[in-house]
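What follows is a set of structures to go through.
There are two complexes below, and they share subunit A, which is joined by subunit B in the first and by subunit C in the second.
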Partner chain A sequence: MLKYIAKRVALMLVVFLIIISMCFVLIKLLPNKPAEQFGKDKQLIEMRREALGYNKPLLTQYLIFLRRSLAGGDWGISESLYLGQDVWSKFMEKMPATVAVNAYTMLFSVPLGLLLGIYAALRKNHWQDHFISTAVVIFVSVPSYVYAFLVQYILCYRLRLFPFQVQSGTDFFSRQMFISMVPAILSLGFGTVAGLTRYTRAELTEVLTSDYLLLARAKGLTRAQTTVRHALRNAMVPIFPMILGEFVGIMSGSLIIEQIFGIPGVGQLYVASITAATPDYNFFMLLSAFYTLIGLLSGIIVDVSYGFIDPRIRIGSKK
Partner chain B sequence: MSRKILALFMILALFAAAALADGEGVYTYNSAQTEFPTNWSPHQNQTQIDSDLMVQLGNGFYDFDYNEDEDGYKVIPQVAADFPVDVTADYVGDAWGIAEGEEARAWRIPLRGNLAWEDGTPITAGDFVTSAKLLLNPTAQNHRADMLYSGNLVIKNAEAYLKQGLASDTALGTIMEAESLSVEDLLAKYGSEPGCINWGNSFGDTYDFDAKAWTGEAEDAVVTTPLTLSDLYAFYTTGEGRAYATWASDEQMTEWALEELFTPYMQFAGAMDFDQVGILAPDDTSLVLILAKPLSGFYLYYSLTDYWLVNETLYHACESETDGVYNNTYGTSKETSISFGPYRLSEFQSDKTYLLEKNPNWYGWSDPANEGWYQTDAIRVDCVAEVSTRMEMFMSGLLDVVGLDKDHIGDYATSEYTYYDEGDSVFAMVFNPEHSALKTAQEQAGAHINKTILTLKDFRMAMSLGLNRQEFCLASSPTNEPAFALYGGQIVADPEQGLFYRTTDVAKQVVVDFWGLSDEIGEGKLYADADEAIDSLSGYNLEMARQYFDAAYDEAIAQGLMGEDDVVEIMIGTPNETSAFYNSGYDFIVNNYTEAVKGTKLEGKLTFKRDATLGNGFGTALRNNQVDMLFGVGWTGSTFDPYGLIEAYVEDDYRYDPAWNPDETMLTCTLDGEEYTANVRTWQHAITNETVTAKKADGTDAELNVSANAEQRILVLSQLENVILQNYDFIPLMGDSSAKLKGMQVEYHTEDEVFPLSRGGIKYMTYNYDDAEWNAFVASQGGVLNYK
Partner chain C sequence: MTDDMKTLSREKFTFATDRDKRHDRPPETPPRGYFADAMYRFTRNKSSVVAAFIILILVLYALFVPLLFENAYTRSLTDTLTLSYAKLPPKARFPLPFLDGCSDKTVNASGYAALRAIAEETGVDPVVKVYTAGRQDASGGKKTVYYDLRVDNYKAMGMMLLTLTPAQYEALQAWQDETGIQAIYPAVKDAKQTDANIWYQADKKGAAKLDKEGNLVAAYKTAAEGDESYHSLRIPADDDPEHPLAYARVTGTSSARSYVVRVSKPAYFRYRYGFEPCFLFGTNDKGQDIFTRLAHGARFSFLLAIGISAINLLIGAVYGAIEGYYGGAVDLAMERVSDVLSGVPFMVVTTLFQLHLASRVGVVPALLFAFVLTGWIGMASTVRMQFYRFKGQEYVLAARTMGAGDSRIMFGHIFPNAIGTIITSCVLSIPGVIFSESSLTYLGIINLESSAMTSVGTMLAGGKAYLSTDPYIIFFPALFIALLEISFNLFGNGLRDAFNPSLRGTEE
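Coming up: the complex of A and B.
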């Protein structure tokens, strides 16, 4: 197993380097001109761009990036979005808000999704199953920002149960902060609940009709015992990696939800770093590197997790 | 007894604190922004949103206030204790380059004696000098450093100190002017230096010196060639370059070489001490500014409405340097901010919220002029990106103002709480009608595609008359109004008198001439006067537009510009594809012109494409013919200096249409009954404090300086505006007005907008309810307010 993990990590680093190199070249190919301002001293602007290395050959810039950022961990300063501020510090300053909202969402949506899925599977073809399945189709089909606007309009504006925006500050464990996050958590969670419900129901339904479960019942186990000890455990083999993936994704943020509920997180950073009138190279490269690494690592973690969930699966074994 | 009094006092204090906590007696102004300030350092701020925060944390030397009748503005001392005193005579000599008898070259600004930072640390004149040194720090390349030398206010040696030792690609003409050299002397002195050129600007093509062939592509940037400056000059004026430019004469090539060839050149001294920069502090409350060129009156005060003061200790604490690149984080967080203005930053969370509270150490509290004002105790600004959320928050009483967008303006257009603000800019539809570039572009676009019809003025006039501006505004940005001239209504022609340019007769005449209404004005005619004619304008005349479309088509066929099977394809450039304005605007333009050409010879033959990848480079993209047309573009700022702003429409660096040559376009102006003729560029210089030479009607030369005469200056400005409009390459589209809803908690000082004070701002804002009363009022209304 260790050998397998080491091999995967080595391959991951190669893929990471290739992706990052491509990102570097592509972002540098985008037009990057300062805004035309009447009366501004263009020479002064050019002096700063020269100092920042904009005019160096692309290969030289790439080597500086490799040395300073990838090897040295210094991701530089923001050159347009947050002028003059350290991009890593800024990213880390904004990350907790994103993680908090997504973590609360997971804590609410994973158990609910599993429970609804199990219930629907156990009540297959009854009205409860039909009701849950219909709701799931609706929530999977409708984009989350639609719920977000509805949640905000009904719960915040009409019923005045929650504030419009997430509370300011960084005390993410306070009661007030949690209450202010509820509309965002609900908006983010509906989709996850629906997806997990559908997946759990499908997996569990299949397992529940297996011969070995019939045998377990025939041996005298109760329905609850067979469901929890045998059916659910087997159904979890494909479901657990999905949940793991969702947890890894809590750092990715949601552009629209963060925007609607005023969450000062990282959701908008990536898009803004490219779509800004003058692209912010350093922010873009940091975010590209970070999310590429998260994506690649989560792939390895998910693969390895199969072996832990189901000991019959032996990844990397030659036998 | 004393214990009882103390206990009673403490109980009262607790009650008071509890009451204040509920907002009793506290007045908070709540607003929301879609974007948030990121850098409000006086040396680095970038956007209007940054400035909005900056102006609460500090003041300039001078500021605007209402005049006595509150129908206009006046300039008042702010950080300065009084208006500046001309002390030029005290600084005569070679050190500052001031000759005996000169005036308005050195000014002493008396400062208030009680200036202090929010922590109580006194501010002296020396702090302004130190801050200027930090602003001009050559290693920092501060974005705002040019406030001390670029514009009307030119501090002696400020630019030279900032750029000491800097060698940059400089046009030959600039070097000749700086050193008073002839071409021969220039080549003798610098001929062995590397020769540089901007191929995109010069030929629109690149010559490969190794392959000895033209490549067909050109970059819009100054690049170094393998030739020396002398060889490159020969290439340009007599060699391959000359042979390539078949469109130009020998004289033109010789003239253009001075503008289009470059070489690395050190314009300023290799090293300079800050003592040589014209900012001095003779004592703690006197600051002396020594200028490189005379400046006085309004423009001096106006140049000093911004500030450059920073707290030296905090500034140094925010400095860092990596691999020789200087950086400073002053003014990027609560910890890196310190105020000397009326409010201090007491809370800041990036992209979320900030809170400003009264700065107890502000010098202004002891000023009688502020007595009774500044009722606002705190300013809360939230970052709320979604307009629907902002509207719901406003209706719930959580915001005191909300901007109206196109989805909401219809509901509140006639509300008594709706206020309209007119901006100072005109946004236009612009074309680049340069023939050879359009021809190249149309060849690249494929067979039977035509673009060169854009070179015909009739076609561009048809485009102007065929656009329904009112509908365009409703579709793309309903708070805006159609525009019919180069300058909008807020442009001030005579700031000393508060005279707005568009209210002058000559400016009105430009509009009626441009729209062909001159013959319709007068007794017994369609319009009684110019005002009535201008009020009637819509800019939309479909019948006439169709005539021009047909005329343009016939002319294009006759000149061989297009064939009968060709389809006109106009590439429209936009900065991005996410802006609702550009998306709606593009769709409207396509539909508008598709309908407009119906029944004409261009029916079904006028098509549009869109390049939405231009970002900030949209102006360059048009000049380089990457796109054929832009819309919604224009120049902002310079409200008080329309004479300087005309440069944006004339100078090569800013002008959208490179095909128009202001050196060859002649203009005749009648001044004091005498006709004077000169080219457009000369007239542009004439209204910016330069003495120029113009030809009189009898052919003799006359030296003119129209800047000294306000009436003549406005007249020449209007003539320049007319010439530019008549090109039909910059077609006025709309003004940048906006609309907002004011909350019931607050009142503006004046109902009408008084430029540039708007309706009084924070200083003059008054409250109908304190925070506690306001919450109770909103609750009594069921939590949702009705503003319709």
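Coming up: the complex of A and C.
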């Protein structure tokens, strides 16, 4: 198992390094707008280019980048968006808002999705199952920003239950703050709940029709006992890694929901750094690395947790 | 036994075997092929058939609306006049609930007076229904009177000030004479008045000064004889020959004169574009017709999605086929390449392509490249799996013993067996592309907005600011994309089940 994990992590690091190197080269080849934003003064531009390190050979720049940014954690200072501020600390400042909204979403959508999925599987081919399955198809398919508009129009504008935008500030556990985050949480949650419901229902119905469950019933266990002790535990094998993967994904958040509800998070930082008239390449570099890492990590965690949760896979890997 | 039976001749007997009911004969019903069977089982799945019909309707909408429903107004792409017709709610040509161009409004006293003034001057009352009149509201210190009304927004457009050349002015006059519709209304005394709707005496804030009976007092300019600064125009309603009303303020130099006129927006629309203003889905904040514009956006989305899945199919099929067929070291090496590519977040790829290529090859090709760069990986892994499944089977071995080459086995024998799965994943990738494209344009990472082109995401982003005041601007694009995503998913799931032969017979 340990060897397997080590192998996967090493492979991931190699992939990460390749992607980051490609991104670095591509970003450095972009027209250097941050140096030109201060006017047409040739000398000034040249000085800025020199200061930003653009005049060194690309390979030297790359080595500096590897040593200073990837290994040292210094991602430079902002060149246009938050002029002069440290990119890394600004990024860390934006992180809590994204994590808070997505963590709240997971907190309510994971139990709800599991419960609905279990209920639908137990009531398979009854009207409850048909109802849930139909709702799931609709909620899985409709893009999250359509819910966001609906939630904003109905709950925020018509019924005036919540404010339109998430409050600024960092007190993520206060009541006021939570209420202002509810529309965003709801919009994000619909899709997650529906996806999890569908997955749980599919896995559980498969387990519920298996022979060993029939045996358990024949031995005299009640339906509740067989479901909880036998069916659910086996059905959780593929479901649990999926939930775990989603938990890692909460850090990357949703660009579009952050934009709609004005959440001062990482996604908004990314969009702002590239849609500005003067793109902020240092933010862009850091966030590209961040999103790549999150994507790769969640993939690994899903695969590794399969091994931990399923003894068959764990034992199989020792051979 | 009777005698008859004893004397039966031998010829009348036949053997009692049921030769006609042999059970190992080929079935008499015509055999059903793979696709016919898939089609049959697809049509049994009601929700997928409904979804297919919805997709058909949406595609027809995207295809034919730009062809059939374009008119002089929607074609006038760079006409700044369209701003005068912005934010008109949906209205159908025949009475329909919700599509009547009306909306509920709460106005204060001067707002109500302005609506009454339009009714009095043009003879068309924009107020459809008065819910409550003169509601007192003392909040905020000052006592204010409010009116809750249902207003026809098409009639409430009122007047605008236009500067016309003499030729345009005369043409408009000629049109008035010909049709009998009054478009030009008399000029008001105060030449500095910017609100063209105020034809009555009012204070600086626009609140009407009423006479003793509570009526509006007209403040029309009359043209004195010999005064060249105003142009007079005789119309039948103008009944005072001594003091003819002035209709246009004359400006400009003597060689290049122009006329500033107050024209009725609906009447001028009819003059300019040849039909009465009426927009089925309403108009957006720039005055563009949402019905035809959404069709343009939909057309773009469909074309992009179909183009991308075709390219991805091509690349993915070849790549996956090579991986799956040869296996071993080839597979390992090629898998690492797709590992690296699939690790790059799509958002980053799009951004990089946009920043690098958009200025060189255009926004749409850059977007296309970004989609293709990572999009084919899913298709390749599907094809690879199918090839692993089929390459060890007997028919492949048989083909090889008969001398078929690698490419013939791959694309002549294995590929047709995997076609069902491939078609399904192709169809299921279309809603994903449309979703990504609309998100990217919504966020402004790619900009597809121009006078001739748009995308659904751009329309959503444009309507976001008017979500609470004019929700219909965002409603129709959002409805379109929601319907599209739901029906494509249902349709794709139906296809997947139909193409899966192991599910045969389970539905009945």
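Here is the rule we use: the second predicted complex is superposed on the first by the 295 of 319 C-alpha atoms of A that agree within 3 Å, B and C clash if a C-alpha of one lies under 4 Å from a C-alpha of the other, contacts with A are read in each partner's own complex, and residues count from 1 in each chain.
The rule is short, and it goes like this: contacts are C-beta pairs under 8 Å (C-beta built on N, C-alpha and C of every residue); 3 or more make two chains touch, one makes a residue touch a chain.
What you are looking at is a predicted structure, and each value in this text was computed from that prediction instead of being measured.
Engineer: Let me test your reading of the model: by the given contact rule, A:Gln43 touches which partner, first (subunit B), second (subunit C), both or neither?
Structural biologist: Touch status of A:Gln43: first partner only.
Engineer: A:Leu296 in the overlay: touching subunit B, subunit C, both, or neither? Say first, second, both or neither.
Structural biologist: Only subunit C is touched by A:Leu296; subunit B is not.
Engineer: Applying the document's definition of touch, where does A:Val146 land relative to subunit B and subunit C: first, second, both, or neither?
Structural biologist: Second partner only, subunit C.
Engineer: Which partner, once the models are overlaid, touches more of subunit A's residues, subunit C or subunit B?
Structural biologist: If we count touched residues of subunit A for both partners, the winner is B.
Engineer: Thinking of the overlay built on chain A, is A:Gln259 touched by subunit B (first), by subunit C (second), by both, or by neither?
Structural biologist: both
Engineer: Thinking of the overlay built on chain A, is A:Leu26 touched by subunit B (first), by subunit C (second), by both, or by neither?
Structural biologist: A:Leu26 sits against subunit C, while subunit B stays out of touch.
Engineer: Contacts for A:Trp127 in the overlay, against subunit B (first) and subunit C (second): which applies, first, second, both or neither?
Structural biologist: A:Trp127 sits against neither subunit B nor subunit C.
Engineer: Scan A:Phe173 for contacts with subunit B and subunit C and give back first, second, both or neither.
Structural biologist: neither
Engineer: Once the two structures are fitted together, what part of subunit A is touched by subunit B and by subunit C alike?
Structural biologist: On subunit A, the overlap between the subunit B and subunit C contacts is residues 30, 149, 152-153, 157, 259-260, 275, 279.
Engineer: Spell out the residues on subunit A that touch subunit B in their complex, using ranges where they run on.
Structural biologist: 30-36, 38-48, 51-53, 64, 68, 74, 76-77, 81-86, 90, 93-94, 149, 152-153, 156-157, 160, 164-165, 168-170, 259-260, 262, 264, 268, 275, 277-279
Engineer: Which bits of subunit A are touching subunit C when the two form their complex?
Structural biologist: That would be residues 11, 15-16, 18-19, 22-23, 26-27, 29-30, 137-138, 140-143, 145-146, 149, 152-153, 157, 255-256, 259-260, 270-271, 274-275, 279, 284, 288, 291-292, 295-296 of subunit A.
Engineer: Could you list, by residue number, the parts of subunit C that touch subunit A in their complex?
Structural biologist: By the definition above, subunit C touches subunit A via 47, 339-340, 343-345, 347-348, 351-352, 355-356, 431, 435, 438-439, 442-445, 460, 464, 467-468, 471, 474, 478, 481-482, 485-486, 488-490, 493.
Engineer: Okay, in this complex, where on subunit B does subunit A touch?
Structural biologist: Per the touch definition, subunit B meets subunit A at residues 38-39, 41, 44, 46, 141, 143, 145-146, 149-151, 159, 162-163, 166, 168, 322-329, 332, 347, 349-353, 382-386, 388-389, 392-393, 395-396, 398, 575-576, 578, 613-617, 619-620, 635-638, 644-645, 647-648, 653-654, 783-784.
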